[in-house]
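See the structures that follow.
Two complexes are shown next, each including chain A; its partner changes from chain B in the first to chain C in the second.
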Partner chain A sequence: MNRIRQWLSKINVETIKIELMNTAYGERTTLMAKLDPRVAIIWYLLFAILPWLFWNNTILIGMLVYMVILTALSRISPLILFLLCFGLVTEAGYVIFTALFFGGDLTAAAALLTFTMKLTIISLASIVIFTNMDPERFSDALLRFKVPETFCFGISYGYRMLPILIDEYQNIFNSFRLRGRFPEKKGVLAWRYVYHFCVTAVKAFYPMILNTAKRTRTTVEALEVKGFTYGMHNPEAKELKLSYLKTTKKDVLFLGITGVVLIAIIYTGTLYPIERTIHQL
Partner chain B sequence: MIMTPPIIELKQVSFSYPSSGESVLHDVSLSVERGDFLAVIGGNGSGKTTLCKTFNGLIPHYYNGELAGVIRINGEAAQDTNTALLSKTVGYVYQDFESQLVRPRVLDEVRFAPLNYGWQDYKERGDEALDMLGLNDIKDEFIWQLSGGQKHLTALASVLSLQPDVIIVDEPVAQLDPVHAREIYYTLQYLNREHGITIIVIEHHTEFIAEFAQSVLLMDAGTVKWKKPTSEAMRCTTELQDHNILPPPVTRLAEAVDAEASRAPITLEEGTDWFRPWVPATSPRHIRPVPPAASKRAEIASFDGVTQGYKTVEKSFKWIFEDLSLSFYEGERIALVGGNGAGKSSLLKMLTGILRPRKGHITAAGQALHGTSPEKIAELVTYIYQNPEEMFIEDNIRADIEYFLKARKSPETSTYADELCRLFSLEDLQHKDGRLLSGGQQRRASLAIGLGTQPSLLLLDEPTSSLDINSREEVARLLHELKEHVKTVVTATHDMDLVAEWASRVIVLNEGTVEYDGGPRGLFSSHELMRRCSLYPPQIVRLSEKLGIQPSALDIHEFLPFVKGGGPCYESYPSVAFENQR
Partner chain C sequence: MPNPIPHQKKELNQSQQLMIFVLSMSLFGIANIITEIVPEFSFGPVEFSVSYFAFIPLAMVFLFSPLPAALGAPLGEIIFADLLMGDFGGIGELEGFIEFALALYVAGLLVKNPNSRKQIAIASLVGVGIDQMLSTVVDIGKVWVGIEELEAVPGVPESILVLEGISFVNEMVISGVLFGLIPAMWLVPRLHGKIEPLMGFAPREDVSFRSAKEIVGARFLVFSVFFIFVGMISEFMAEMDVNFAVWQPEFIEQFGQQFLWVGVSAAIIVLILAVMGISYLKKSSSSGNPSRKAQ
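Here is the complex of A and B:
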């Protein structure tokens, strides 16, 4: 119990902030990080869409294994993996509990396992891409795909603001605590404490949003002064900005190998399908 | 001699924002010569910032409004071009410079503007700007990890990357601590002298103006009163004070000594020469021992063997304090000073319970803080944030002041809030949202909100930062009045003038240890110690040092007896700090 408490005490706002920023901007030496971000986006789209097209469990298991290997290679922050596992375990747990509680048997859970597997593949793909591509490159890749400039800038700016917003949120949250009143009684399972915390956590967002809105005025003006609008209507500037995006042999090779792996998985899947019989309603 | 045309020229310019209809600038005519270092001064709302926004085309191209007259920037009519083009000539560093930085890393930030203009050599331009300001060491750092001074320099570098002819800096001193502010001014001076860049600063602090600016422009109610060379401008002491601007301390001192003085000094160097004949060659005196306190006062808070640290982004651990022991007593006015990262804010936050020590014990009002919720501790201790906006959790000031007492269903909520509003002159503002107030009003509101918890121990984090001179004076005055309401006040501050005029005890933190603990005079007389802890003493203290007066005089009144040939007449001030801690 003590160890769990010690471990839980490590999860605080500061740690989350550092993990998040490290995940986003941290120095990356993995193969995925060196890819052209456009190739990485295409790869991601592939694995975000494909799982929905198959009901064959062999194929899904194959994709899952492939994704787990890639995740392992990407050296993902333990905190984020923990959050993912936590989500999956609680989801599966709740499904099994509901099925059993309402007189069903484990077949209901098995049916949903396919769905959970699809979700896991997509989540892992998202984590891999999130860890391996910093927001700058992501935003530039989107720009190349002709996504509007303001939107792309918004992504990279949003990331830059994140740590500042987290700090500010924490300060405002503490402001509420330093003037608020803690419930005197715990209540069953300390529900009063939990409720108090949840209410404060939500309330603390409002002042933060107002403060940010106020600051944004300077930012917009500064963007004007730095020629941002000017650059937006200047194709030359855009070309110059994106000139570093180049597809190399490595990218082609990566896409090729991914294709071969996918075909192999699908082929094996059709040879040895593990399929549930779908009950007709 | 061939006259080069002025870089900025305004002829009968008037401007009004569409929303108000009132004219913010009224019939302004002026010219700024190439290579000038100009300080724009004037009271709040005199139109200084609006004026500077006409220089880079934000007015009239970004802010639409009624504009009359002619604005010529570098010979071109500003009305015929646009902000983006004018920005290449005139760079602007905002007062809220943090909001000006839009990219994640320093290197991205300085390349951003040249990139927007599609210049092939955008990388070189960015690197050059970093070189000029000596920022190469931090070019790969994330903006959000930089200190305030580094952020300001980065904002300046990003403006420099466009290689402008003019740079406007809005109130650099207000947002920075004195050491960094001085650094910024040296940088501006260097850019001005070595690269011929015209510098325009909006500034309240005459000490900096006297030392760095070449000419001064006084604004009043949207008009230009005059533009004079600095030495002449600083000597118009009565006129400056009429516009709520405090002349440099040495100038005021010289006036107090000799009201008829024709060439009063305006900088420390001039002051040293000027006063030397007036001050007899006194043999250096040593600091008097602190008079023993009549009786030991009650302890109000204590740290015992406290250890605290944090994890850095590189995942290493950094200790702020190791085995810190310290006591605060009733009736003390404590100033907590030290460079950035010395642990001032952490120390204050530990007293509120929102930051827990890793090891050691903290008590407040005889109660151990361990295991007590911040909500409970708040009944004894109040912490006032450096940024008042983080204290505005309701949509009007009054609700914010009442928040604490209301949560505790106190029957005196309303009467007490009335009293606080009166004390902090917030009667007319109490129903406004705190975010919409000016800097000085916000600070007053944050003090009132803090006192709304009826604390015994009041903790303030940089209460005078980012304030203009008047608001600063007002806050300093209010701090003196607080003793009626709280037992002990602890203020973390960079403002050495505040330390000199307000504190009864100073604690200097340096790398997590207490370097000094005693009266302000003792600190200001230890010049070596101050330098080591990167503290910057007030001008009168530096003058005392130069003239060999020891212990140093802390303000003008204390200095006067030296000049008139009398001995020092320092009041004896009780400090129990040494006494109780031995």
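Here is the complex of A and C:
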């Protein structure tokens, strides 16, 4: 319990900012980071769809183990992993709790375990891929897949600007607190504090919106000076921008190993299935 | 990307649309990070939390051209809050994106005059309502597909319906009214006329950004989403042998079913209060409340 409290106390603006900085600018030396981003996206799509097609627990456990190994290799920040586990456990816990309430039994828990396992596989796959990929490479890969240019630009812009925007919001929020008056009485369940906090958080958005509007105009003007819209609609310019994306031997090897592992998992799964016995009512 | 919308009274050029898109994306992204930090109050399985600051994207679609603003906001959520925080749901995000963008676009089309608080209030509720209804439908569908032979597991269909019902009411009250409608009514008239010169275009007027055809389409969408929602829930209940709607003798004995009615009546009370509040506002604003415009 103490441990959990310690973890929860770490979730504040500073930690999130550092976490984001790390994702946006951190050194990428892990296996997944060195892959061609296009291969990584295909790999991800594979694991986002496959778990939905199986109800056989052996296959799902196999995929989960494979994901956990990859997660361990990718050195994911413990904070992100903790948040993921916390979310999954509480979600399943609530559903089981209410199911028992309606006269269900532990078969409900078994059924939900399959479901939770599917969700976990998908979440781990996304964490492994997206916290390890360079935003620029990611957005270029999407561009290659013919995703609209504005969206691709949005991704690389978002990764770079976010820490600055958080800083700005924090400054505005703190200056509101400095000039504002903290409620003297607590009220029932400290509702006055909560109300004060919420009102300040909302009001701080007023200058924030105006500042961001100005900043956005500057950004877009600077982009247009460099010929952003023209370049994005010109096939030659696009080709030049994306020419550095190349698949190497490493990518082929990675996809090959994944394929072999998947076939092995599915084969073992059909040999030794663990399936939920269905109780007819 | 967004090609200029046909039948639009006021055409924006590509870079102006990009500007609106980027602004809406960054602001809603940052708002999502803030909501991650706001503490939550859990009361058993019932959770009182701010899931998103709906007033930010709502203000954007009311003030600017609805389409780029509606497309930008959910992307901001995906990039800032989900991708960067490692909470990325992959294909599931696509579903959220479509739901939210559709809801925002419809909400934006419903507003004719950003200074009218009544229009802002209705459009805010409709926007959050569409988003929540669609996400409830998709959530139930997901469990339906994800668990084989769901009706054979006693208790689970009912518990999912109850949890979804609670979260729907909770989202409508907290995200829709407390952090959607009220701040939007405060913020939008204040920003209207002030933010547009900063971005370099004229403020929105009655005719800007909407055509009769689009408005008819928006109204049609509101109704169809509502009917899909009702249809899906009743189909689910019929398929799973859930008997909430049928009045049975043992109905009162079961605490959980009462619980759902508590939720339903809460929703109805909120609706009535909202209608009353809107008519009150309409009266007060018609009795001479000049629009605030800087310049």
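Keep in mind that, in the parts below, the second predicted complex is superposed on the first by the 224 of 281 C-alpha atoms of A that agree within 3 Å, B and C clash if a C-alpha of one lies under 4 Å from a C-alpha of the other, contacts with A are read in each partner's own complex, and residues count from 1 in each chain.
Basically, a residue touches a chain if its C-beta (ideal position, glycine included) is under 8 Å from a C-beta of that chain, and two chains touch if they have at least 3 such contacts.
Keep in mind that this is a model prediction, so the values were computed, not measured.
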Chain B versus chain C as contact partner of A:Asn234, first or second or both or neither: first
First, second, both or neither for A:Arg160, with chain B first and chain C second: first
Chain B or chain C, by number of chain A residues touched: C
Touching partner for A:Phe176 - first (chain B), second (chain C), both, neither: first
Touching partner for A:Thr216 - first (chain B), second (chain C), both, neither: both
Partner chain in contact with A:Ala99 - chain B first, chain C second, else both or neither: second
Partner chain(s) touched by A:Glu224 [first = chain B, second = chain C, both, neither]: both
Touching partner for A:Thr150 - first (chain B), second (chain C), both, neither: second
Set of chain A residues, in rising order, touched by both chain B and chain C: 157, 159, 210, 214, 216, 219, 221, 223-224, 228-229
Complex interface listing, chain C residues touching chain A: 1-2, 14-15, 18-19, 21-23, 25-27, 29-31, 33-34, 36-38, 44-45, 50, 53, 55-56, 59, 72, 75-76, 79-80, 83-92, 143, 145-156, 158-160, 162-163, 178-179, 183, 186-187, 190-191, 194-195, 198-200, 254-256
Partner chain A, residues of chain B touching it in the complex: 56, 58, 62, 82-85, 87-88, 91-92, 94, 96, 98-100, 102-104, 108, 112-113, 115-120, 122, 142-144, 158, 162, 310-313, 315, 352, 354, 373-376, 378, 382-383, 385, 387, 389-393, 403-404, 407-408, 433, 435, 449, 452-453
Complex contact set, residues of chain A against chain B: 14-15, 18, 21-22, 25, 135-136, 156-157, 159-160, 163-164, 168, 171-172, 174-182, 203-204, 207, 210-211, 214-216, 218-219, 221-231, 234, 236-237, 239-241
Complex interface listing, chain A residues touching chain C: 11-13, 16, 19-20, 23-24, 44-45, 48-49, 52, 55, 76-77, 80, 83-84, 94-95, 97-105, 107-108, 111-112, 114-115, 118, 122-123, 125-127, 130-131, 148-151, 154-155, 157-159, 161-162, 165-166, 169, 197-198, 201-202, 205-206, 208-210, 212-214, 216-217, 219-221, 223-224, 228-229, 276, 278-281
